[in-house]
Each structure stands twice: as structure tokens, then as C-alpha cells.
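For reference, the structure is listed below as C-alpha cells.
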């Protein structure tokens, strides 16, 4: 029986990737949840906003890299991030002026805004592919690992390795910081509260002297920041490919919903729920079992509850079960 | 309860409330001017919605040449049957609806074109009849939102609201949407008081509040008015309201039907019978 | 129908006829056929959303179930597969269903305490392993029979037209189960739940090879109309075609497509008639009341839960029928092609652009958006060619632009969508 | 008038959708062949060949058939290069191509199921069926004395078909597949798959996916977590991109892809250097060949009508006859014009077998020092 | 008619209804008063099935109706209005009323397709009835207006109008008077008395307007903090010290100063 190896194996293939993926989803879900919370619609363009923002960051990163600027052990992309955020913010505000504002003033039903965001999604999608192309783009540099599997093995002498990538670390830390800041901002600052007031009752917000355009402006700026950060971190960890970002939309929405729409803490919780349900339920416990159980009992099969084919099905099933018990998500979200 | 929370602005003369410069009653009609000058005629009421006509969206006119006004430190009460256009008139004064004809002037300045939030900045506050609270925010946050434009310390005003509506203090951290009907109404009025306005517009503030709170509220309104703040109020509890009113308007089908002092209207048998329930 | 509505229909009709003149009549008919199917799907979604306010984003799942119905009803049964594992698989499935029923009964019978939770867990886990133990070997046996060509149980060998109502029934059955569990959720929560269920359905279709070959696709479904080749080889047909001045190929392809058009149109007209009658009746009024305010409707004696379940099942069944029709038209079931964007959101766009709450609107939206979905590609290309016309050959920007032309399709679609919604935010034919 | 005649050939590929990064190269390669033919002025007495591009979307059978319908009945294309993904290919074939009697040559639909599809002699492919590749893979692994592998495949007809045929062949040869797990393309995260694969273990991880898609994601995650260091890559994974992505990290891995001799691919790289951005991109040479076959068959039949030339496709593709490789289309056309016989070799050593699909010559590759090297042929 | 036994409704730790027990006699118009937040509306909601009680029992004519869904209670003849108007905003006023009666044959899908004639007849009768009610409530001039576009008071009238569309056994009115013009309210009061006397409806009325309560109600129940504080005729209640302190108050302090 070898609990240590079992633990390390489990950590390496379930805990660490689950945590990192959860943080990635959470960052994306934060943006979705914020738009839902304040502008009251599900923004289908969010995945492509992430791609769009990341595209700017990549272009600027390439610029930096060719100019020989680097950020030491950290990815250069982090340096480019503020510029990317600014550009994305400008674009989003422009989009709002040209597109969303009209519908907001007409007080259309949220579902119309959802369709409008679908239109915006198509356009952003096209623009991204037009500018940077549909292909994989690599822009990661800097130190790749905090600790690699091989180093871990030599360090500890264990059979199993434990790898933690620097991007995973950065993502997790960023997610925690961002949610804390956002929570503080929305619940404690005047501007944040005015944003919530606006989302609650637009007319009454006017009567309190809150400037709706200002609120909308802040919202898009924050969304731009969230989307760009999320997209960039994701791209650093995996790779940048516009189509994947579009596909990310689904788990991101799932995360936002299971946590409770409009609630930043919910987005974080939701991200981890989705990530871990994907990674854990379909995990084959053969290896862990082999370490922990006596030989006689060791599994000869894979000891896998369900094949990985069903990982999405499983995460959605868990989502539905959570919703059945908590109809507005783990953290009591809003609904329009 | 001290008055100084409301004495910061616009409190020029405490006696104003008792000795209005403009005689109440029919005299307002005479001041009615079409193409009103930006600067109103001297002696004009502090806030006046002058000969307003307008309706919702592109719908028909609901207000027809409707005038409502209130002097500094006075209480003006609008009564009328359901659907007469009272709330519409209030919204028109607050710029939440297109005024197609006529003008709104505050302290002589034409504010017809201003957005609602700009009017808030000019010292107007409004409690709408329906959806008048932020349901998902706590009671205290509702009050804070009322004071959104204020930069000074608002804690004192909050305490005053709690003193006026003690129940709210115990519900401070509860979402306002979970309150009872009467409690919500109290939050709504409290939110408007938080602005420390120069003009306070209330659309049926006492609907659904218990008698004891209603008395408190009317008392408070009188006190507030005495500090020089103008109060424009729609009421269905018309008898109590007209009793404390300096001026009363009876609106019917978007038109001014009767305009007189509160007491005079109360005494008018026709008004009593048709609009005040006998 | 007002004159304006009629005009809109005429306009869309002209678009399709225009396609006939500019491109080809085959293209026009194909657009018409898919338009008819899309209109039916939109009708189903409109029933759920426009009438009852149910945010069902699982359209794809029901459409896919319709497709499955087409396979299960019309393909011939595969005797060898049945003999090696058919019974076992069926028995396994019954065991699985039994486990779930047992769990539900258990939860109803026992008091809500820890013992109940424990018992639930025991039954579920035990049932799951039992199910796997019986089911898995059967599946393996079936799937290993000639995996490249069959390897699945096949169907009942019935005429494919039977599959359409069966598709509706299959979707309705699924909708019943889903509705029973998830309809208590509101707005976007229901949306993501149905979206998830649709993904689960697709996952099953993709991975359960014994059922419909999974991602290996089932091709060559029987048709309700003759094959073009047979027509071309039939002398009488060729003669008649010649009489009309058409060459046999064109005549046969047009003939087949027209056949489909007529079949689809019949289904659409029946469904539209039913939907219109229902909408403009006390039933429709009750549904609108429920949509407007569930609490009040409930207090006015309307059984909101039951009515929600009813429309959810009906709407889903309509999507199922459309799904079966589409698979029939395609002649194959390809689970990998089911994508939410195409089978759920595009349908939603149809409903919203057409005008939610209005059956005619939904139908119009179905035709119009499908037309655009197909035609924005050449439009996008044209735009690009126009833009680059002035540039020198070989200029990098020109190449880049032309290379990106295919992506302009999505961009154009987005633009068109925004424009339509801009000028009629409540849809082209708004509710009342 | 030399260019009086115009021959239109449809190029229906998924320019948007899951393999959108491959398709531009494929499209360009096909058009390269057309340009070569047009420039030669030899086809059917100086016909000009124009390409009509259409988006198959790879996934939406409805949209794909609409495109094909428009091209055939509207634009009047006389042959189709495409489609790319097996699903839409089947849909176009049975609904449009067969009905209208138009020849389709797919450069990349490799599903074994298409071998038996009802095609009326109109469907060909320049990519081999995956049934063959499974056998080749088994041989490669067995020769390297690898008896236990984990297997992951992209969850579509290509991946699943390949995985099935590989597993059957490998197990028949005495190997063990510890796990066969699907992965969906374009998804955000593959930790779950890699976790399961690692747990099952094996000497090598066989990745039957696309390098542009989930395949790379799986490899990345497997490497990063230390789950596997060596892999085996079938055709969908072999590309310049693989080395670019992983460099020396995958040293010691192996793979194979349908490919002619090195000379042929070098040759194609040369002639395509200007017009195809990545000539070695998967299925780009196949696309060139697909287009070339259509035009050569037309020349052999002396007609651009599909009904006439469909029977000539096999003839020009196979022996006997003079060997014609990529870049020599003019020569081929001339021979045919003169009534001679050719055996088109093209960019991928085309050899059509059975129901009109490539016989499949495979290049076995290894990875050393961050480079892809040829380790043999099958 | 209705017996409420030791009813509790808790929201988290807050006890909105805290052991209320009361009886509503058949044929009475019972007034229910009490300070804001006393739990009156919550009590209504529990009786009417909108909220599930934490504990306690409600019976109607001897039958246990605790926790039955609202639509079932409706069919048993229990109607209620909402304090905050719950109109069907996209429907016209007439439609708002016409949808109320249960068991319409046109509410079955099958009939909508194959029973046109019967539906048409029923609809005519319903429309006539609805128009009658609208006229009574003085909102007949806007009967084709969407309910979302009417004034606050008109919504309250509509709320009341719905209870007049069917024959009920017991009607719970939650502050129908708030926001309604007093002259009209008197007419409404008359109608309530008439329904009570002529058709034998039982009413439970929540109101803060003592004049209204006084004219209509006997007995009157006063709630406070989730419990029944006092019960009796209005005069008895008015004399109750606790009620005065908690609810009625002693009138305007500043009145004299302004009145002058």
C-alpha cells in the first residue's frame, strides 16, 4: 500500500488540472455573470470577446517579443495585457453604442438581447478570424513549470510525478484576486452599488441620480478586462484558437449558472463544480487503486465510473442535479 | 428628531411654509404662459409643471394642459379618480415622459429638457407609485442609493430615516424585495428622503402603510415642509392629505378640474362627494 | 394576417423564386425544403417560448431524437447483432429504468431522513453496477459485428414516413421526462438545463454505437420519394420530362425535391393550423396569462405545472417531427453534425426575428433565416470581390481578404441579424 | 479562341468549422492543380478551369448540401473536389452528386463506411480508407516491440473508424489496448481524458486525432502532466505543426501517414511553395491530386461531362501508362490527348483500389532531436 | 369556514407567522388588520397555497387544505387578490377577466381544434360578464387596453374584478383599497356587502383604512408579529390599548399647526 504515490497521482491528474481548469472557467464565468447581473442578458458573444481580447494581447506580445522585451520568468503576454484590455474595452464600448444601446433604450425583452449578442458574436468571430486567422497561435514564453513531473520525481524519489505549470498558478491566483476585487467593488463601493441598483430597477436608478450610461460604460470596461485576462490566461495554458474559445462558451455558461447568475462568488464556485465534475467522475481509479489496495483487491479493469466520452454529459447532469435542489444556483442567483 | 438634516439646502425662510408669497388657489391659472421664458415670471411657484400635455411613448395624450405647481415650503396634494393622470403628471414633471406641450420650471429655470438624473442633481426627489424600491438590494443599500449624489456623510440621514420608520432598522440588512407591502413603501419614502431634496414628490406614499405609520409620515412631511422644502404629493387618502395641504389639485381625465387650498377643497361638497368618498 | 404580413411572405417567396432564376431551381427548392423544416422547428420553439415563456435551448436534442427515430423505424433490422446481444442490451436497459423507478418510489415511500438518503444511494449505486454488468457485454458483442458497415441493432424496417410521427413521440417522451424534472427552473436556468440535456442526448447518440452507429453515422436511409437514378432510367419519366422541355437529370432532381416539398408542406400546414387554432382560443389566452404571471395564473385556478409540461411536450414533439423529416431529407444520421449553434440558436434566431408569440412570424422567420444562412456565403464572397476589385492581383491585402471570404459568411449573418432586429426589435410579425 | 471553353470545378471544404485551419491549404492546393492545367492550355483544347469554392462547414449537412446543390445546378460545376469531413461528404454524395450524376473526389474523407456507400461510380477519394491504416500502425508498433498502448481518438467517424480498425488489428497481433477513450475536438480542456489515459497506462499513447484540434491538446496535457513521453501519431497528427508545437518534447515517438516517397513530397513542396502556404499540411497534396484526377479523366474521356469521364478516373489513376507526378499535369494531358495512357502518381502516389479509393502508401516517421524523420515505408 | 391552527411560517430565522390560530365564520366579512409586517399577507399566502407553512394546519369546511396548490384551492372556491397587483400585463383588461373562470371547454386543446361552436358560445357569455364587471369598476372605457399600461389604482381594480368573475365560497382581499379612489372604494364596499348578503360569499379583508373596515367588517382580527393580537368588533379592537399602541396610533401631532 502506497498512499503517498496514490495521493500524488490523484493530485497530478485530478486536483491540479481540475483546479486550474476550474479557475479558467471561473474567470470566463465572471464576465458572463457580470453582464447578466447588470445588463440582464446572457451574452453569447463572451467567448468571442475572450478570443478578440486575446488576439490583441497576442499581437502586442509578438511586438514585444520581436522588440526583445520580456517579463523575466513570467510570460510576456502579461505585459501586453493592459494594452489588450484597453483595446477590447474600446471595442466593447463602441459595440454598445452602435448595437446594444438601441435595444436597451427600447427596453426590449432580454431574449432579444441574447439574439443580438448572437449577432455580435458572429461579427466578432468573423473579425478575429479575419485579423489573426483561424489557426492555433503560440505566444507563451517564460518559465513553463513551477515544478515539472520529472523534477518532482527526482526531488521526492516517488514513482509518480506532480506537475504544476506556472500558467496554472497564475490563473488560480488571478481568479482569486479578481473575484475578491469584484466582490468588494460591487458590494462595497459606490459605483459598484450603483451598478447593482441599475440592474435591479433602471427607472428608479435614474431617480436616484445614477447615470445609466456611466454604469454601462463601467460594466463593459470590467467585462473587457475579465474577458481579456481570462482569454489570455487560457491561451497561455493551452493554446489560442478562435474556435475553441467559441466552444468554451458552453462550460462557461454552465459554470455561471450553476453558481447562480449575477453572483461573482457563484461564478467561482460554478467553475470548480463544472471542472471537477468533468475530471473526477470519468477518472479511471485503476492507478490509485493499485497503489492503495492490496494486490488481491487491485482492480483489473479501469475502475472508471463512466467513460470519458460522457464527461460533458456528466458535468451537465451534475449541473441539472444542482439546479433541481437549488433552482437559482449554488449562490442564489438572479433571473430575469 | 432634529431638523438639520433637511436644513442644508434651500432653507431660506422657515416661515415660508406659513406665509406663501403666492396666494394659493386660482391665481396659478393666470400665470400660465405658453412659450414660457427660460426664467419664469417673478413670484412664480418654486416648481411648476405648466400647461403640460403628453402621453406614453407614441400613444395618445393623457395630460391635457395640466398644470401643477408647488411653492417653497408648501405641500401640494393631487387627488382624483383612478386613471385620472395623477401619476402621469408627476412623471411628466420629473421628465420620465415626453411633455409635448407646456414646460416644467424649477425655481424659474426651464428644466423641460433635462433628464431625470439631472433633475435629481437639481434637488428634486421622487417616489414613484409602483416599483419604487431596489428589490434585490438590502434596505440600507436602498437608502444609500437614495443618497447617491451626495458626497457628505450620509449616516446621520440614514439614522433619521430609521427613526422615522423604526421597523426598517431591524430589517436593515434584508433584501427590500422580501419586505411586506407597507414596509416597502417606507423604504421607498426613506430612499427619497435620503437625497435631501429641495422638492420632494411622492406618489401615494401612504398606500398600504398602517395608520400609525401614516400619521408619523404625515407628521414628518409637515416637518419637512417647514424646513422650506416643497412637497408635491398624490394621495388617495385624500381627506388626511388635503387637511395638511396648502394647495390641492383635483385632476380628472388629465385636466385640472379644481384647484384650491386643501381646506377649501375639503369643504367643497362636490369635491367631497365625487372624489373624497363623501 | 394583415397586408403587411402577407407582403413579408411574398417578399420571402420572391427571394426563393429569385434564387431559382439567378442560381437554379434545384437550389431554390432545396432552400424551400429546408425552409419548411426550419419553419416547423420554429413553430415548436414558438409554442414553448412565444406562448408559454419556456426558455428551451435544447432544441438540438429533440431534433436529434427525431433523427434517431428515422433510423430506428426505417432501417432494416440486423439479425446477427440482435442474436449476439440484442436481448441482453434490452434487458440491461430495463434494469436501468427499473433502478430509476425504484429510486423514485423509494423516495416517495420513505420519510425524508438519513435512512432514505442511504437507501437511495444503495439502490442507485447497486443498480448502476448491475446495469453495467448486464449491459456492457451485450454492447460489446453487438458493436464487434462488422463495425465498419453495421455493428448496430438496426431498425424496424418500416416506411420512413412512419418515422415522422415516431420522431414526435420519441421527442415527446424525452420531453416528458425532462419536463417532469426541470420545468420548475426559471428562465436562463431552464435554458442551460435543457442545453445540457441536449448535449447529453447528443453524447448518447455519438457514443452508443449499438443504437445508431454513433459517430460512424448511418447512411442510406430509405426515402419516401423515388431515387433520381430510377427516374432517369424510367423511360416514361424521361419522355414526360422531354415533353416539358427538361433534360432527365434536371427533371428528376426537381421531381424528387418537389415531392419532398409537398410532403413537408402538408406537415407544416397541418401543424400551423393546429397551432393557430390553439393560439387564438381560451387555451392560448390561458397560456399567455401563465407566461405573463405564473403566480397570478395559479391563483386563478390554472394548473401552471401541467400546462407547462403540456406545451413543453408538444413543442418538443414538433421539433422531433422536424428532426425526423430532416434526417429523411438528408438520407443519413450524422450525430457529429449536431451543434447547438445550428440546431438550437439558429432556430431561436428564426423565432425572434420572425416575431415570438406569433405562429406566422415564426414560420416567416424560419424561411427567411434559412434563406440567409444558405445565401450569405455567396453574398459574403460577392462583397469581398467587390471590395477587392480595385486592388492589384497578388496584393497581400487582396489575397488576405479573399481567403477570409468564407469567414465573411458568419460576419454577414451577424450583420443581417443585427439589421433585422434593429428595424423590428419585436420581430417582423410581432405578437398581435 | 483558346479559352473559349470554361470548366468549372467545385471545391467544397469546411472553410469554417472544426478543420478550418487545414482547408485553406487544401483549397489552394486544388486550385494550384487547376491553374497548372489552365496555364498548359491543353485540357479539352484549351479550356479554362475555374474553381468555385463552397463552404461545407464540415458539420452542417444541410448547409453543405445546399452549397453543392447551388454549385451543381446553379454554377454548373462538372466535378467536385470534396467534401472534407466524412459526414457532409456522405450527405452531398447521396443527396446531390448521385442525383445529378456529378463526380466527387474527396481528398480527406477517410471513413471506411464511405467505401460501401451507394455512389453510382461517382465517388472517389485520394485518401486511403482508415481500415488500412490500422494494420500499418499495428505493424509499426509491433516492430518497435510495443505491446501495450493507450488509445485516444477524436470522436468522429474518422477517429472512431481508425481506432476500431487499429484496435482490432493490434489485438489480433497480440497487443493490448489498455483504454480506448474518445476526445471531442475543439474543447477547452483534456485533463479528464489524460487522467484516464494515464491511469490505464501503456508504453505509448496512440493519438488518433487532428493536430489542429484536440489531438495537440491531448499531447500537450499528457506531456505537461508527465503521463506519457512517447506517442504514436496516425495521419491526422503528422504535420509541420506537430514539430512546431512540441519540438524535442516528443522525441522517441513514432507515427505514419499516407504518403508517397520523400521525393514526391519534396517535389510537391517545391511546386506548391508559392501558392500553398503549407504544402505539407494534411490533405493538401491529396487535394491537389483530387483536382488533377478530375481534369485528367476529363481529358481522357474528351469530355467534361461527369457521365462521360467518371469511368476514366480509375484508368488515369492506375497503371498501365506513363507515370505522371505533381507538376507534370501538362505532360499527362498531352499524352492523353495523343491517345496515350497515363498512370497518375501525383503528389501522393495515387493508386485507386476497390471502390475508388487510395490504396495507401504510408511513410513511417520517427521523432529525433525535435525533428520529424522518415523511419521507413509501408 | 376556515380554521387556522397554530400556523407558523419562517423565513430563515425570521418568524413571519408565529403560531397564529384563527377561525373565519361562514358568511362573515372578517377584517384582518395589523401593523406593517405583522404577517397578514404571509398568512394569506400560506392559506392560499402560495407558500408552504413551516408547521400548522389549515382546514376549509372541515377539509384539510394545508399546502394544497393554489389552483386546487381555486377550484374549491377559494379566491384571493394580491397586495401588489399581479396583472397579466400583455393581455387586455377584458382578457384578464375572461381567463379567470375555470373549466372552460376552450381550455382543452382538443376542443380548440374540434369544438369551435361550443367555445364561441362560451366566449360570448364570458365577454359579456367581463364587460359587466369592468363597467362596475368604472374601467370599461379601457377594456381593450393592455393591463400593463394602466394606472396603479386601475390595476388594483382589475385585481378585484377577477374575483367577481366566478362564484366563490371565500374571497381573500389583500388591501384592495390601497390606491383606489375613496368614492369608488365606497361603491366597492357596497358590492362586497351585496355579494356577501345575496350570494353568501365569505370575505376576509386586509385593509389599513379604518373607515372601510368599519363599514364592512365584523368581526375584526388584529395581528401583530405573526400572532393574533386581538379579535372582536371594530369598536372593541379600537379600544384595545395594545392595538392602539402597535397599530392605530393617536393621530397627527402636527395637524393643528398646519390646519390653521
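As written, the chains take the letters A, B, C, D and E, and residue 1 is the first residue of each chain.
Rule of thumb we're sticking to: contacts are C-beta pairs under 8 Å (C-beta built on N, C-alpha and C of every residue); 3 or more make two chains touch, one makes a residue touch a chain.
Just so we're clear, the structure is a prediction, and the values are computed from it rather than from any experiment.
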(message) For chain B and chain C, which third chains touch each of them?
(response) A, E
(message) Need the most distant chain from chain C, centre defined as the mean of C-alpha atoms.
(response) B
(request) Could you put a whole-Å number on the gap between the CA centroids of chain B and chain E? (result) 29
(message) From the mean C-alpha coordinate of chain A to that of chain B, what's the distance rounded to whole Å?
(response) 48
(message) So the centre of each chain is just the mean of its C-alpha atoms; given that, what is the distance between chain D and chain E in Å?
(response) 74
(request) Starting from the mean Cα coordinates of chain C and chain D, work out the distance between those two points in Å. (result) 31
(request) Spell out, as numbers or ranges, the residues of chain A touching 2 or more other chains. (result) 129, 134, 307, 309, 312
(request) Could you list the positions in chain C whose residues touch two or more of the other chains? (result) 206-207, 407, 409-410
(message) Strictly by the criterion at the top, what is the full list of touching chain pairs?
(response) A-B, A-C, A-D, B-E, C-D, C-E
(request) Over in the complex, which chain B residues touch chain E? Could you list them? (result) 56, 59, 75, 80-84, 86-88, 129-130, 167, 171, 178-183, 185-186, 203-204, 207-216, 218-219, 222-223, 236-240, 243-244, 263, 273-278
(request) Using the touch rule from the top, collect the residues of chain A that touch chain B in their complex. (result) 190, 193-194, 196-197, 199-201, 203-212, 334
(request) Show which residues of chain A lie in contact with chain D when the two form their complex. (result) 9, 12-14, 16-18, 21, 24-25, 129, 133-136, 138, 145, 148-150, 153, 161, 163, 165, 234, 238-239, 241, 243-244, 247-248, 251, 275, 278-279, 282-288, 302, 304, 307-309, 311-312
(message) So in the complex, the part of chain D that touches chain C is made up of which residues?
(response) 15-16, 20, 24, 53-55, 59-63, 65-67, 69-70, 72-75, 85-88, 90-91, 94-95, 98-101, 111-113, 115-118, 120, 131, 155-157, 159-161, 164-165, 168, 182
(request) Quick one: which bits of chain D touch chain A in the complex? Just the residue numbers, please. (result) 16-18, 20-21, 155, 178-179, 181-184, 186-189, 191-196, 198-201, 212, 216-217, 220-221, 224-227, 241, 244-245
